[in-house]
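Take a look at the structures listed below.
Shared chain: subunit A. Partners: subunit B in the first complex, subunit C in the second.
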Partner chain A sequence: MQGYIYPNEYELQWSLLIVLYPYLTGLVAGAFILASLERVFNVKEVQPTYRLALLTALAFLIVAPLPLQAHLGHPERSYQIFLTPNTKSAMAMFGFVYAWYLMVVLLLEIWLDYRKDMVQWAQASTGWRRWLYYGLTLGATDLSPRALRFDESAGRWITIIGIPSAFLLHGYVGFIFGSVKANPWWSSVLMPVVFLFSAIVSGIALVLVLYMLTTMFRWQKIDMPCLDKLAQFLFYALVVDASLESLDFIHRLYEAEESIEILGQLVENRLFISLIVLQVLIGTLIPLIALGTTSPALRKGGMFRTPPDLRQLIYLTSAVFVQIGIFSIRWNVVIGGQLFSKSLRGLTVYKVELLGIEGLGMTIALLVLPFAILWAIAKILPPWPESEAVRPAAPQTA
Partner chain B sequence: MTPDGARPSGSGEVTPAQGGSPVDRRAFLGHVIEAACAGSPLLLGVVKLPALVAQESGGYDATEHFYGMGVDVTKCIGCARCVAACKIENDVPEEPYFFNTWIERYVLRPDGRVEVDSPNGGLDGFPPIEDEGNVLRTFFVPKLCNHCENPPCVQVCPVGATFITEDGVVLVDEEYCIGCRYCIQACPYGARYMHPDKRVAGKCTFCYHRLVKGKVPACVEVCPTGARVFGEVEGRATPLAQFMRFNDLQVLKPNLNTRPKVYYANLDVEVR
Partner chain C sequence: MRSLPQQVPRLAIVFGVALGGLFVARGLLIPDTFGDRGHYRAAAVDSIAAQPVKFAGRAECAVCHDDVLKPHGAGNHRGVTCEVCHGPAQAHVLAPLEVKPSVVRKRELCTACHAFDPSRPLGFPQIDPVAHNPRAPCIGCHRPHTPEPPTPPEACSACHGHFARQKAVSPHAALTCETCHQAPPQHRTNPRAALPGKPESRTFCGQCHGTPETGVPQVEMESHGQPNLCWQCHYPHYPEIR
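Right after this comes the complex of A and B.
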């Protein structure tokens, strides 16, 4: 502790779990927006990642509310958010935004996209798998051209609705922080937009990593045009994200409000590693330079011609660095915003618990869980390009 | 504590828990039906809850009051009797870092430096000032929930567990709070905390259970110098009305438009 903090501020209110929550929802929104690139904006190169992106969004969305639930003082009362929401509260809308996104957008889009395959897999399988796939089709087994055309067009419309919904999902998480006027580190109209673009960045980077790893571990050849396109979009999203972050930073410095002194101390003494080193240097500058020079973002074929193998390595490393950077952003927002006193006179500290419901162990478990869920979903609904299509064979497993 | 919870005890009823005879099934069903009949006008909005509470709390009518507090900074001697009284009266956890009210000491140095401290909320007294010859001014400031007219804590509560009563007091329904801590984040004054045992938000209630009995908050009652003044914000000839009339008033962080109802007289610009 340094300086003066209000006596009630000794206990940090929102822990590591709350860092995880915007991180997870960001990945959901970002992965979905990547999927919509192919569906709505006809970026055909990224087609091999379409289904993987959708399933990734679903796996992470399932886990997203768990850190919130685990963090509540009375988790058994959490259903009250649905039953008696305070309509003036930003947080009260969580349940509705979440339910809308899960039910109306993600599940429906995945179902429409997989329906044809599920029918064919059901016909080609035996035993419980057959019943499983029949069950998943919900009895809609019509594969006539008319029915398939309907799937396609309905899926497209849902994606169109899905894009603003994904914006809503994560922009809203930014609003939860950005609307807290008591906290000068959070209170910013840019917060929802910054959250949104960082979400897109993290989602693209995650799908890029997952696509590369799953393709490699299935001993398949990586589709380089697809990977180049992903890297290109990752670069663009990163440029917008970094510009917005810089704008926020410059705006604060220029306005130099009452809080500027303590926020300066905060960055210098408490967030130096997580903000300057991890977020800015490792999470933003290095990937920007790496992707800007090697991907086809600024020049067709890249500024420097690189062999595909090297490019893959650069993309993978950049995407991992981006993930570290985005997690640091969430840390810097959530924990950073609580490390200084609202008296603007002092700094406090946060010690991460190792065990316990809000500890490091739980956080790691909740970070691993979406991957386990994704693995399970991919077993049932393989997202791989070669499993798609009309092949009557039983689906390939991961 | 809810308005319901603030009802004066001793209304003559004896519950089984207090040693009365246990309610049999028929009587219980009767109570359920009665409660349902009594509750339906409430749900329909025909009868207003405060009016009912007023009937049941010995004639106390919340709609007739609008409370606030005045604090004269020059009168506070930093004895923290208010802090102690509050902890006892309201079952505030004894360990440090949970306070409905606390005392801050400000030491202003000639070179412009400001030192603030509040060790254990002021309960254990304050350590001697270092470099005593080099002090421009020093004073104590009692802090508590400002019972804002435009409270961000009430706005953000996702389930409406924290609310403003008709008489202008910000309370938390402990049976309803889900413990998300958003209100604690939203309070600009650091006046809320997470109750370590109840796992719900804790805060100053203006001793609502005393108000409905016509008493002043415990902190006001024990203050030896009259630094705290309690009463009606508007209209009536209460000590607070007089305090507000004869002092230049300030509130904390007015730029945030929370419209606090704790009014300070002789407050230094350094106090946040």
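Right after this comes the complex of A and C.
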């Protein structure tokens, strides 16, 4: 401890799990926005990652509320926020933001996109798998061109609704922090926007990593134009994100409110590693330089010509670095915001528990869980290009 | 008329079931009085009101313990109400002889509030329980109902022990502090508001050391140590000849 801090500020209330929560929702929103790129903006190159991105978003979305449940400690009561909605509480509205996104956007889009394949898989398989696929189609087995056209156009519309919804989902998380008036480290209108762009960055980076790893472990060839395009988008998103972060930073410095002194101490002492080293250096500058020079973001074919193998390695490393950086951002916001006294007089420390419901073990478990879920979903609904039923499907009558 | 695509009715059923489920659940699970008076179950107020009363409140004690109440209300602990120290006493009020409130006579009762803690507000009376009259019960020296702030110590040594102890073993042992420092009385109660004076010139020491009649060791005031002040070479509280 250093300086002066009130007893009620000595212990941090929002633990590591609350760091995890915006991190996970960010990945959801980011992965979904990547998927929308292909659909709405017709970026053909990233097509091989479209379904992977959607399923990733779903897997992480399923896990996203779990850190909150574990943190609050009464998961059995969580349904009540749906029964008696409290419109005056931003936190209580989370259930609706979440449900909207899960039901109306993500599940619907995945269903429409997979319907044709599910029908064909149902026809091609036997036993319980047949019934499973049939059940998943909800009995809508019509594969006539008209029905397929409906899938296509409805899916498009849902993606269009989905983009603002994804913005809502993660902007909402930023809003929760940005609207805490009493906390000078959080209270900023830029917060939702900063959250959003960091979400996009993390989502693209995650899908890039997943795409590379899953392709490698299926012994397939990586689609280099696709990967280049992903890296290019990652670079752009990173530039916007870094600019917004710096804008926020400069704004604070220039405004120099009474809190600036303690925030300065906060950054210099408590957050030095996680902000300066991990977030800025490892999570932003290094990937920016690496991607800027090797990806086709600034110049067709990259500033330096690199063999694809080397480029893959650079992309993979950059994406992993970006993940570290984004996790640090969440840490710096959530933990950083609680490390200083609200009377601006002193700093406290946060010690992460190892076991226990809010500990490191739980955090790691919740970080691994989405990958397990993704693996399970991918077993049922393979997102790989080669498993897609041949397009265009033979016209059939229902 | 063209029929709707097959997907639409199926999806509509799923969403209809989900929404319907929500409304049914609302009907079944929301407690009856929810929302009557605000975003909570109004009947909760009644169930809380029905809980047994545990604390009686200070006013109740007046009937029988007026002898304690009066001085307590005028003393330094007037902001600390009876049941803070004696625990919930409603049962005692109802049956004074059968149920006795707790009376803690241990040091822990007091150190809960008075042990030094940097987060306590400035000026709150605090002690270091290890150093402050260890092991003796606090109530042996302080009346729990009407504790007094310590009387300000008379001796300069109470606050300036370091100087006093040095002086006591120095050639100046016989000199009182006031010989050299004019201390206004207020300095003892509110030290920083009225600082005592300090010798300012060589002639001050010369009163004795330049005046043979005093019988103390003499120096040639005109030349000795000029042009410096005497205390630049001799520490006044422990003068040495070097």
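Operating definition for what follows: the second predicted complex is superposed on the first by the 386 of 398 C-alpha atoms of A that agree within 3 Å, B and C clash if a C-alpha of one lies under 4 Å from a C-alpha of the other, contacts with A are read in each partner's own complex, and residues count from 1 in each chain.
The rule is simple: a contact is a pair of C-beta atoms (placed from the backbone, for glycine too) under 8 Å apart; a residue touches a chain by one contact, two chains touch by 3 or more.
Source: prediction; values computed, not measured.
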Clash or fit, subunit B versus subunit C on superposed subunit A: clash
With both complexes overlaid on chain A, does A:84 touch subunit B (first), subunit C (second), both or neither? both
For A:272, is the partner it touches subunit B (first), subunit C (second), both, or none of the two (neither)? neither
Look at A:138 in the shared chain and tell me whether it touches subunit B only, subunit C only, both, or neither; answer first, second, both or neither. second
Just checking: does A:103 make contact with subunit B only, subunit C only, both, or neither of them? Give me first, second, both or neither. second
Of the two partners subunit B and subunit C, which one touches more residues belonging to subunit A? B
If we overlay the two complexes on their shared chain A, which of subunit B and subunit C does A:157 touch? Say first, second, both or neither. neither
Output check: A:147 vs subunit B and subunit C. Expected answer is one of first, second, both, neither. What do you get? second
Which superposed partner A:180 touches (first subunit B, second subunit C, both, neither): first
On the A-aligned overlay, A:6 touches which partner chain: subunit B = first, subunit C = second, or both, or neither? both
Answer with first, second, both or neither: which of subunit B and subunit C does A:112 touch in the superposed model? second
From the options 5-13, 59-67, 113-121 or 203-211, pick the one stretch of subunit C whose C-alpha atoms clash with subunit B. 113-121
I'd like to check the shared interface: which positions of subunit A are touched by both subunit B and subunit C across the two complexes? 4-7, 10, 80, 84, 86, 88
Which subunit A residues qualify as touching subunit C in the complex? 4-7, 10, 79-80, 82-84, 86, 88, 103, 108, 111-112, 115, 138-142, 146-147, 150-151, 154, 398
Given the complex with subunit A, which residues does subunit B contribute to the contact? 96-99, 102, 104, 114-118, 120-121, 143, 152, 155-160, 176-182, 184-194, 198-200, 256, 272
Name, in rising order, each residue of subunit A that touches subunit B in their complex. 4-11, 13-14, 68, 71-75, 77-78, 80-81, 84-86, 88-92, 94, 176, 180-183, 338, 341-345
Residues of subunit C defined as touching subunit A within the complex: 5-8, 10-11, 13-15, 18, 22, 25-26, 29-30, 34-35, 39, 117-119
